[in-house]
Structures are given as structure tokens and as C-alpha cells.
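Sharing a structure, written as C-alpha cells. Questions coming.
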Amino acid sequence: MTALFRNRIFWITIVGLFSLGGLVPGVYAQDSPGTPQISAGDTAWVLTSSALVLAMVIPGLALFYGGMVRSKNVLSTIMHSFIAVCVVSIVWVFWGYSLAFAPDVGGVVGGLQWLGLTGVGPEPVEGSTIPHSVFMVFQLMFAAITVALISGAIAERVKFSAFVLFAILWVTLIYSPLCHWVWGGGWLGELGALDFAGGTVVHISSGVAALACALVLGKRKGYGTENMAPHNLPLTVVGASLLWFGWFGFNAGSALAADGIAGGAFVATQVAAAAGALAWLGVEWAYRGKPTILGAASGAVAGLVAITPAAGFVGPISAIWIGLGGGVFCYLGVFLKNKMGYDDALDVMGIHGIGGTWGALATGLFASMGGGTGLFFGNPGQVMIQAIGVGATWIFVFAGTFLILKIVDGVVGLRVSKEEEVLGLDLTQHNERAYE
Amino acid sequence: MTALFRNRIFWITIVGLFSLGGLVPGVYAQDSPGTPQISAGDTAWVLTSSALVLAMVIPGLALFYGGMVRSKNVLSTIMHSFIAVCVVSIVWVFWGYSLAFAPDVGGVVGGLQWLGLTGVGPEPVEGSTIPHSVFMVFQLMFAAITVALISGAIAERVKFSAFVLFAILWVTLIYSPLCHWVWGGGWLGELGALDFAGGTVVHISSGVAALACALVLGKRKGYGTENMAPHNLPLTVVGASLLWFGWFGFNAGSALAADGIAGGAFVATQVAAAAGALAWLGVEWAYRGKPTILGAASGAVAGLVAITPAAGFVGPISAIWIGLGGGVFCYLGVFLKNKMGYDDALDVMGIHGIGGTWGALATGLFASMGGGTGLFFGNPGQVMIQAIGVGATWIFVFAGTFLILKIVDGVVGLRVSKEEEVLGLDLTQHNERAYE
Amino acid sequence: MTALFRNRIFWITIVGLFSLGGLVPGVYAQDSPGTPQISAGDTAWVLTSSALVLAMVIPGLALFYGGMVRSKNVLSTIMHSFIAVCVVSIVWVFWGYSLAFAPDVGGVVGGLQWLGLTGVGPEPVEGSTIPHSVFMVFQLMFAAITVALISGAIAERVKFSAFVLFAILWVTLIYSPLCHWVWGGGWLGELGALDFAGGTVVHISSGVAALACALVLGKRKGYGTENMAPHNLPLTVVGASLLWFGWFGFNAGSALAADGIAGGAFVATQVAAAAGALAWLGVEWAYRGKPTILGAASGAVAGLVAITPAAGFVGPISAIWIGLGGGVFCYLGVFLKNKMGYDDALDVMGIHGIGGTWGALATGLFASMGGGTGLFFGNPGQVMIQAIGVGATWIFVFAGTFLILKIVDGVVGLRVSKEEEVLGLDLTQHNERAYE
Amino acid sequence: MKLIQAIIKPFKLDEVKEALVELGIQGMTVTEVKGFGRQKGHKETYRGTEYQIEFVPKIKLEIVVPDSRVADALEGITRAAKTGSIGDGKIFVSELQSVIRIRTGESGEGAV
Amino acid sequence: MKLIQAIIKPFKLDEVKEALVELGIQGMTVTEVKGFGRQKGHKETYRGTEYQIEFVPKIKLEIVVPDSRVADALEGITRAAKTGSIGDGKIFVSELQSVIRIRTGESGEGAV
Amino acid sequence: MKLIQAIIKPFKLDEVKEALVELGIQGMTVTEVKGFGRQKGHKETYRGTEYQIEFVPKIKLEIVVPDSRVADALEGITRAAKTGSIGDGKIFVSELQSVIRIRTGESGEGAV
């Protein structure tokens, strides 16, 4: 089966290569860098931002997640983020980017014109001052992190081959269309839904997909009875810090320019992260008696998630409100999970699903600049539009992910055996041990 | 009491929100990005630099410090850097930035015009080509790292609530005014004191504050008798490396432009760090027989501290001299501590206090460009001015910090109990363990 | 002997200082930043890229290597990367940069005009829009990483003093001239050899030097019989991730501008890394039954190495081919080592030597833009030229490195004693232990 | 007094502890050990080099009990630690000459 | 010859070692263990999930002494390891049949 | 049945294991310990502060063998673990009252 599955990858590659190998360089050959419309300053910032978003996934997210699992599963958990980047990069080049951003087809998906990045070269991307190739790779990083985020829900029990197959299908069938809806000229964008840097596209989608994963895969063996404490919290805090660091590229980079909008988004990102951490710590301190480091890290990420859709549309004080809300609501989200008892191992739903939903709605409340206006600034309609975006995303992603999981389960099987789970995924999936 | 203290934070927030929530977005609303005076290139570099300075604190400093403590205290130590960023971010937005940079009041502090960042928007900051909001957030990161640096002196024994309260008071009463003196239009700047990137504002101030903290808190239980060797040196070297990495933003970013000055500051930073490490290793090798990794890391940081005030004012050869001096003097600083026997746990005074003082004076000797001229280049007066800056900073910071510590001790108590200290701060302050 | 050796450093410093201390600031004094020819956007990107390349070495490479050795040698391994940066920085300032880039002497080396960076200031570097000082420091980072890469071959048994001496000699006698051949106006560049970001200069040279080192130093005690499994794979994956992150500066920064070429190089870098990882995993999965995390990390690095010389000359599909080749050939390279039985401890030859060679030749095949044209695009001659470049590099580097090793062995001795090797280098070379 | 040493599978620790507590045995000392025996270990692969790890992680329990409780203790441990598959472990019993509680200095049965 | 096993609080290791050295006992073997007994452990909280950790870190000392030195040794250990609070630990003494020094092959009292 | 405890140098573990396997002894339990004795430890330096580490890493082997095999086992361990330099370690032998294999419940010689 893994053999079959490998063939799948190679097959994709081969086809891609022969069908496209010829065209692309041709396109690139007409390279004319520095055409007047390109701004070196804006390009420098988006190049930097793209690198920053990669750092969010590896090592950022890989460590954030890796530190929270048990030591017998840390490598497999890190591997999920790593392989997500690798698989998505290839898919994005061959068809993902085209499905997301090529000329619109019926408002729901992009065309096939840009398969294999045909025509995606150094010329400025429409309505912007940066090369098309730079915009494409910036977006590639977003697709990669979204898939990587989901892995937190199925950590410590998913089969490696299943995750790889899942990643390919999910980025193709869920992420690319959804991304098109919001940013690629699709119906949600047309409707006027505001999503500055991916509250719906990245966070709600990964969170809801994670919920579906947790429900379909079921609980980890020993969940609720055995000690599943994080095995290495310093790794987790380092991961959270790198997420914060990279998030400046994620949010401020989404301005696609180094200007006042980017500056405002940068500030909003910083203060929302801080507010999220303080809010989470405050709630913990009040209800548990002690503030925790994991709480600070989780709260900061919650604040960052919440501000993502609003970053370029709000001022610093609004950003603080949104960050505080992120910290509080995500704490409740995690609390709820513990009550409801499904095993979203690393709380992807609790933090990205809830935080993203709050952020998307909050954008409808606080938006006041950069082309967005929310309820508090005289535009009640926006909240409704945001709500529609949230609802549509929840439904589409949950249903679609559920289907994909069933397919993957059929093809390669989703879960490792009980014995393998007890022994740990590092040894059983990868023949490796993290620490000697 | 922690309850009372939490209320404090919330109270601040609430007030802030209602008094300012309205204004700010208004200001932002008149957003006109890309106004001719804004340079995308300069803005891109300062945005990048701001992110780099964040990375200096988390995960940089958090790891540098975290690796040096005993494993029972690593989380609490990391938490100090993390919470410093969170708390300072909020304080800076509400009043810190205004106290530091709003129109001068009597040469000693900024006015209240910019409370809650009123009027701090996308328009270019005075005399520069970057948005005001970007300058503000770049400065925010400086305030955050300064507070985080101090935590090294009180590691392994300070109460968490005490550190949070200390951070709020210190950044308000010490950092903001001092920053105003030097960069905000205050008397030291007027006097002609040179401080390119924060030798006095950041390093002398954190070092001297650390000394006060060490003296007031007293030694760790078992200091001098028990083994207090670093529990994880790889973390510390990673931290030092990230500090070095981020320091390019700290120093070259202080040019507030991507130009020749920034280039010169970048080069000076690189060679001074290298020289500092080599100097420290040389002294160790000569007097202890073996060069150590911790020595290399400490020396590099010492070199970076030393070059900070001079970075934009000196050529590469002068930078090497300054770096070498940093390595040697800071080694002596640490040596001295061991002799004098106060417990500055992670040598904040020895490295930042001593290194910053040497750097500030050395700027008066080696300055030769970018608007500064030192003794060696024909301007003896500069050294005197630098000495005044150093002296004033020492006195103001030491006295002020001492006072604040007394207040905090009165309100929440500075130190954990003997039992808690033995058990470790991770368990007793945060209910967590670093490694399972 | 270490005394003698220390003197060496100091002597170099002293001479340097007195001969040059005067001139340089003079040069810098005529600083005129923002001269029309300087582009802030391009400068911002190259400054960022320089910082990114530093991060590749420390902490990137330091962790990548440090995680793969046994815990008794992790500090010494990290130290190799750290000291390489320090030593090379100083050498580069005093004479390295001049030997590499000062006006050509007979096509083989640069002149002495720029000793101590005389005349290397804020003015734009010839044929570019960034300050000369920025170009110099960007190149400095390349020299540093090349030396650091070599250390992987001699890990766990080389004497610290020997490595320091080796670093000084190697960067002076091998790297600087080779760099001049290709980029400094030397004969290889004149010949038309294509090397966008250092396939020959950095990767083949470090790989071949590593082979010489492995052969001269001999195997580690217990190699082949004792368990030498990596002691901390998470560190290694973090290192690989940071290498990937920094490689964007390494490759896209080599465009020396923030334009379409940089964008293309950035994209090529991303997809080649992904393809390399997938290829390595595929081969492993097929022949070993399980894909490993170390394999993913190694494959990604292999892909990055392979694309380095081609990054700015190829489109994304070609980049995928090159990356796939990198993954497969480097896997074979490592496999071959195990067969041949020399002890290149961390596979520098297998990954950088083989990968760099493949990349250099592949550039001759796939080049299609940015001023390069390869066999597949109608220019058969290019492959021949590339082959000459590869051959010349192999011969020059192997012979030169061999000689240098003999000298170092004579002066300070290359290897630690058997007892020291058993006890570990951390304790015996540095009096430190990594983990308490 | 007797010293009972039991080598068990790590994930069985909690069950065994519970079993002993139910028997009124209030104390024990636990050590992480590696075992070599019939149960074979696992394989690891790093860049193509394979290592056969022969030592298996185990937990060693040391329990001091009055002679009167030995039989119950052995029975309880065996029941709780048993999975029926190779590697379940061993129990070794030996005689102690004296037992002292440091805090009080009391010795003999009163000390445990 | 007797084998003395002492379970003590970790931070007491140095004091106990000194006490034994003063008694002229030149050797011992130390193991990090976890203890379960009257002293209860601590609580940990991760994202709201609480874990009660019942095992407390302890140090196990193994000291082989000639019968003649047992009394002193026990007295020394007890004195040095005592804090008076719950969890100070236990001392177990058992008989050894023979002792060998690997380096020299000598056995009996001469071997320690 | 006898319990043989051997304290050896860590890098000798494989050789000793092989020696025992050759003697047909199929099981053992290994613990990482720290030793204090004639062999002195090492020095560490951190920012000028020196620490003298007196405890040396050692491996403790526990091997249960029928009385009939004790002599061979001792001889085999001594041979394999010996380097002749200080710190080679010790072997302690004590009597076991009973041995049980948890998986089968069988006891006595059949259990090991």
C-alpha cells in the first residue's frame, strides 16, 4: 500500500514534469526584473515575510506541538509539520495555486490556467508592486501552515502515510477552493467578507478540520486516565515564540507592501498577542490559582489567531480588545473540549477554530480602516457578512474534511495499531528515537 | 493579593479602553499609506528589525537565561522574558511610549499627548521615512528586552507576581523617562550624548537595575555551596545565537533606514560580537586552561552590548577594539561578582552593566562617523559628555530601582519561601514541570 | 602550544590594528548615505539576507550537527560552528575579503588593496545598488558557513585548538582564492561558470575539504561497533528548519536585489528543498521500509544544496527536478560512505560534496534565465564549463586541505587522545557538560 | 522483613501501585531500568545505519514488607503486572536484617 | 559484609556523603529513584487538565560496609539525612555473601 | 538462587553482556548509577566558577543465577569488565529467597 501510495506521488510528479517542464522556463525566460511597477521595498518585505511564515511552521509549529506530546511521539509530531511543508509545496506548484488564484470559475474555484505555475513569473502581480512569483510563494506558506496546524488534532495516533495522503487531498479539495472564495476572486470576497490575513482561510479551516479529525480518529489510548503531560515545555514556548515572530510576516506581510497598513498590522499583531497571553493567564490565575507558562504561550497564540483577520483593519486599542477576547474564548474552548471529552490532542479547534471564529466576527465589529468598516464604526452589515463567511467555512470544511478522512481511512487506514500506539509513533512509524 | 494585583491590570485596561478606544481608530482612519515621504525600503528594514528584536527576547533571551538555571527553574526563567514582552507591550501602548517620546516636558519626560497611541499612525515619524506606528513598535521591543534582561539577576527565587508588578512600575518610572532623556528630546540627548542603539538606555539601565535587584533580593539558597551549574547549555548557546541574529535589527535597525549607516552598524555588530567572543575565550584559555562554550556565548553577548551605543559611529577596526574590550571587561565583571559575592544569578550587571558602560565611554573614544566624533578623532569633549550620561544613568536607575523593589516587596513580597525555592519555581509558581 | 597559538591571534590583531586602525574610519568618515545609486529596498533585503545566513550557521548548523552527535560531544560540535563564525569574521575583515574580492591578480586571487576593509564603505558596490559594506558582510557570512560545514566531518574527535588553526588557514588559503575564481573576477567566472549562490564555492569546497579531513583524521573510536545514534533529533530537525529558513537569504539574497530574480530564486529554493526531502523519504521508504525524520531533514538540506548554484537561473519545475536529484544522489552518497567505510561523521561529503556537484552540473543542464542557458535550453557548452569548474574545485580544495591538515597536525596535533575521546570532547576540551 | 524487587513493564506501574495500596502496602521505591531477556528490543535506523537495541525499558519496584504480607504482595504484583506476553518481568524476594525510618529512627515493622 | 540501602531526600546527598567519608567509608553507589509513601507528591496543570503526581524524587544510596562498621554507618546516615519532616526516607540492611573488586580480583573486606 | 550486583564502567556494558550470554545467562537488568570511590571525578567550569564533580557515571548490573552458575558468572563479569585501572567497580553477591516469573507464575530456577 505504501508502495502504491509512493507511486501516487511519483506519478503526479512525472505527469507534472512532462506536461509543464517545457512551458514554465519559457515564461521565466522573458524575465524582465526591475520593471517600473515592481517596488524593491515592498518586494523585500514580502520576501522576508514569506521566510517568516516558513519559520512559523518549521521550526515554530513543529516545536510548539512537539513539546506538548509525550517523548515517544515527539519526532512523529515534528514530522507532521515538516512533511506538510514538503507536500504542500509540490502540490501548490502543480495545481494548488492555480485552483486558488487563477481566473475565477463560477465564484467557487480558480481555473487551470496556472497549472505548474505557467505564467507565474517576475512580472508584478495584479494590483500590487511585487513579482507574481513572490505573491505565489507567500501564499504557498499559508497553505503549508494550515495543513500543518491540523496535525495537532491527530497527534500520537495517526498513521504517517495517512497524514501524507490526507495533506494532499485536503490542500487540493478544501484549502485551495476556500482560499479562492476569500482571496482569489470567489464569492465570499465578492460578498465583502473581510479577512486580512487568514482568519477564515487558515484558522477556522484548520480548527474545524481538526475537530472532524478528532471525532473520526477517536481518542488516544489512555486518554483521560494516563498522564499525557507535555514532555518538554521549553520546546513548546520556543515554538510559540517563533510563531509570534513569524506572525509579523503572516499579518504585516499580508499588506503586500511595506507601508502604513503593514505598520498598523504589525502593531495590532504585537498587542493582540500580548493581550491574549495576559487574558489567558488572568483567567487561569483566577480559576486555577496559578498562571502557567503553557497558558501564556497558548494565550499568545490565541491572541495572534484572533487578530489575524482584523490586523490591517483595526487600531491598537481595538486590537487589544480582540486579543483579550481571543485569550478568554480560547481558554473556554479548551475547557469545553475537556468537558465534551473528544480528543483534539493539541487543541487545534479550541485555539484556531474558536479564535479564528471570534476574530472573523470581531473584524465585523472593530474594523475602522484600510478599507474595512465594522459595526462599532457605523456599518452593522459587516457583522452579518462576516457571520456568513464563518458559517460557510464551518460547513464546507467540516463536511469536506469528514469525507476526505473516510477516503483516507479506506485507502491506507487512519490509525496505528494499539501496540504501535503504546510503543510510540517515533519507533513504529519512523524507526527513530528522539533522545538517546 | 494576587487578586488585588490582577484587578490592577484589568483596571488599567478598562480605563485605557474607555478613555482611548474611540480616538485612536479615528486617527488611523485618516490613513494615507504610501505618502511620498514614506520609503518602502526603509520601512521594510525597520519592520524586519522590529521582528528581529522580538526574537532577541523570545525565544532568544528566554533560552539564553533558561539554559543557565537549574532544571527546576527553567520554565519560570523563560516566563520572565515572555511576560516582560506581554506586560510592556500593553504599558507601552497606553502610556509608556508617550512618556518616552511625546513632546518634551522640562527635558526629563515626554508629555501625555500620545497616551493610548493617540495620533501615532501611518504618517512618517518626524525626521524619518518610516510610519510613526513602525517607529513606535520598534521602540516597544527595546523597552520589552530591557525589562526582560533584568530578570536574569533575580532568577530562581523571585515571586512571579512580584516580577510582573516590578515590570509595570520599572518600565513606567525608569525606562520611559531614561529613554526620553537620551532619544526622546531630553537633556542627555540635548547635551550631545551619543547612544546609537541603547548602550545607556538598554544595557547600563538593565545592568544597574539588576545589581539593585541582586542586592535587595539576596543570594539564592545554597549559593556558593550547592552545584548551580547550567542545566542545558545547548539552549543557552541557541539563545546567544538568536541574540546575535536579532542584534542586527537592534543596531542596524536603529539607523531607521536601509542605507550606508545601517550597513556600517551591521558590520560593526558582526565583528564586535566575534571579537568579544574571542577575547573572552582568550582570557579563559590563559587563566583557566580551557576555553568554554558558555564563555564564547557570554563573550559574544558582551561584544554586542559594547558595540551597541557605537554601532553607527565607528568603522570595523574600531568595532573590533570595542568588542575585544567588551569581552575582557565583562569577563572581569563576572570575576568581580564572584569575588564580591552578591548573587547576580545570570550576570546581568557583569555583562550588560559593565559592557554597556565600556561601550558608552568607548563611543566617546572611537566615534568617527554618522554624526559622532570621539577623542581619537579629535573631540576630547565627547568622552566627558559620555561619562556624564553614564553617571546619570547609574545613579537614576540604581536609586529608582531600589525604591521600586521596596514598594513591590511591600505590596506582594519579592521572594518565594525557602521551601518553594528548594522545590523550584516551576512547580511552586506555575504548577508545571519543564521535562517529563 | 595553545599559548603560542593564542599569540598568533593576538599578533594578527595587533598588526591589523596598527596598520589599519587609522585608515578605515577615514574612509568611513566620507560617508554619504543615501547616494542616489543606493536602493533602500535592495539594501533592506541584503541586510536581512545577511542576518538570515548568520542564522544558518548559529544556531542552524550548530543544532543540525549538535543533535547528531553523542551527548558527550554536543557542546564541542556546537562550538565548532560558533568559533568558525568568530574566527572567520576577523580574518575576513583583515585580509580574507581583500583576497577574495579586491581587484584581480592573474585570475587566481584578489589584491591587497582592501586589507582591513580599507575603502570598503557605504558607497554602492560596483554594478549594484547596495553599500559595499553590506556586500562585504553578506560575503563574510558565506565564508563563515563554509568553514563551519567542514566541522561535521571531524566531529567527536578533533582537538579544539586544531580546528581554530585549521579555520584560519583554510579560509585564507582555500576559501578566499576559490571565492575569487568564481565571483571575484577570477578565471572560473571569466570562463563563464555559473554559480548563483555558492554550489562550488560553498558546498563542493566544504564537502571535498570534509572528505580530506575524514581521511586524514581517521575513524572515531568504536566507529562501526559502538552505538553512535544521534543523541537529540529534535535539535537536528530544528537546525535543518533554520537552515531552510536562512537559505532564502543565502539564495534569494544572492540576487543582491529585491526583484524578480530574487523572487525566482526564492521559489526555486522552496520547491527544491521540498523535493529533496520527498526524494530522500521515497528512497528510504522503498529500501528501508520506513521514512525517517532524519531522512526528511537530510533530504531537505540535500535539495537546498543542489539548488544553490542554480537558484536564479531556473524555473520552479526545473528546481523540483534538481531537488529530487539532490535527495536521491545524496542518499546514495551517504550509502556509499557506509560502504567505503571512511568516517565522515556527519556526512558533509555525502550531502554537500555530492549535492553541490550535482547542482553545479545540473545548472549546466537546466539554466534558462537570469543570464544563464543550459543544455536543455540549447547551450551544450555550459555543461562542459560547469564540469571544469567542478573538477578544478575538487582538485584544488582536496590538495590544499590535505596540506593544511598536515601543517595543523604538525603544529598542534589534530586529534584528541583515546581517553579524551572516550570521556567526550565537552569535558576534555571545554570543562563543560551539556545537560545536568 | 523482606525486600521484594519486581521488574515490570513501565505502563503497568500504576496498576501495580494500586494493587499494593489496596493491600494496605503504603510505600515503595521505583527505579527506571533497562532489561535484557527473552523479549527482544527494537531496531533504529539513522541515515541508513541500523542499530539493534537489545535493552528494553522496564520499571523496578522495591517494596519492603513484613514477612506476614509477602504472600499477598507477591500475588498482588503478579496479578496486576501480568499481560501474558513475553517480557512481563520477574519478582525477586530477599531477607532484610533491619529497617530504619530516618525521620523517627524507629526500626522494624513500625518503620515501613 | 553488609549492604546498606538508604532512600533519602535528594538535597541531602552531599551531607550524607560527607558524614560517611568522615566515618572513613570511602565508597558508595547512588541511584536516582522515585518514592511512594506517606509524603504526598505535587499537582501539575496543563491547559486546565490537572495531574496529581504521587511519586516523589528520592536518592537511593547503596553502601557496602564490613559488619563492624554497620552501626556507625547507620547512625551517620540517619543523623545527616534527617530533617524531621515526612519523607526523610528509610534504611534497609541486608547480608552480602561476597564482595569482589573487579580491578584486582581481591574479595572480602579488602575489596571495598 | 543468587543475586549478583555488578558496578562497572559504562563503556564495558556490551562486553560484559556478551560474556554472560556466552555463559548461557539469558537475562539481566541494567541501571544507570553514579559512583563514589577511589576514582575521582572531573572538574567543570562555568563563567569562572569551578565545580568538582565527585560522582562518576557507572552501570549497575543485576543478574539472578542459580547457585551452580555463580562462580562462572563472577569469573565472566570480572574478566569482561576489567581494565586494570581504578574505577573498574565491584561485584556484590547475595542470597535470594525466591524468584517468580510474572508471565507464567513459575518460580525457582525455571523462572530465570
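Chains here go by letter, A, B, C, D, E and F, matching the order in which they are written, and residues are numbered from 1 within each.
In this section, a residue touches a chain if its C-beta (ideal position, glycine included) is under 8 Å from a C-beta of that chain, and two chains touch if they have at least 3 such contacts.
These numbers come from a predicted model, not from an experiment.
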Taking touch as defined above, what minimum step count separates chain A and chain E? 1
Please compute the C-alpha centroid of chain B, do the same for chain C, then give the distance between them in whole Å. 33
What is the distance, in whole Å, between the centres of chain C and chain D, each centre taken as the mean of its C-alpha atoms? 52
By the touch rule stated above, which residues of chain E touch at least two different other chains? 31, 44-46, 94-95
Hey, what residues on chain B touch two or more of the other chains? 39-42, 44-45, 48, 227, 229-230, 232, 288, 290, 292, 294, 431-433
Write out all the pairs of touching chains, ordered by chain label. A-B, A-C, A-D, A-E, B-C, B-E, B-F, C-D, C-F, D-E, D-F, E-F
In the complex formed with chain B, which residues of chain F make contact? 44-49, 51
The residues of chain A that touch chain D in their complex are 226, 422-423, 427, 431-433
Interfacial residue positions of chain D with respect to chain F in the complex: 2, 6-8, 31-38, 54-55, 58, 60, 74, 77-78, 81-95
If we count contacts the way the header does, which residues on chain F are in touch with chain C in the complex? 11, 14, 42-46
In the complex, the residues of chain E that touch chain F are 3, 17, 26-31, 64, 94-103, 105, 111-112
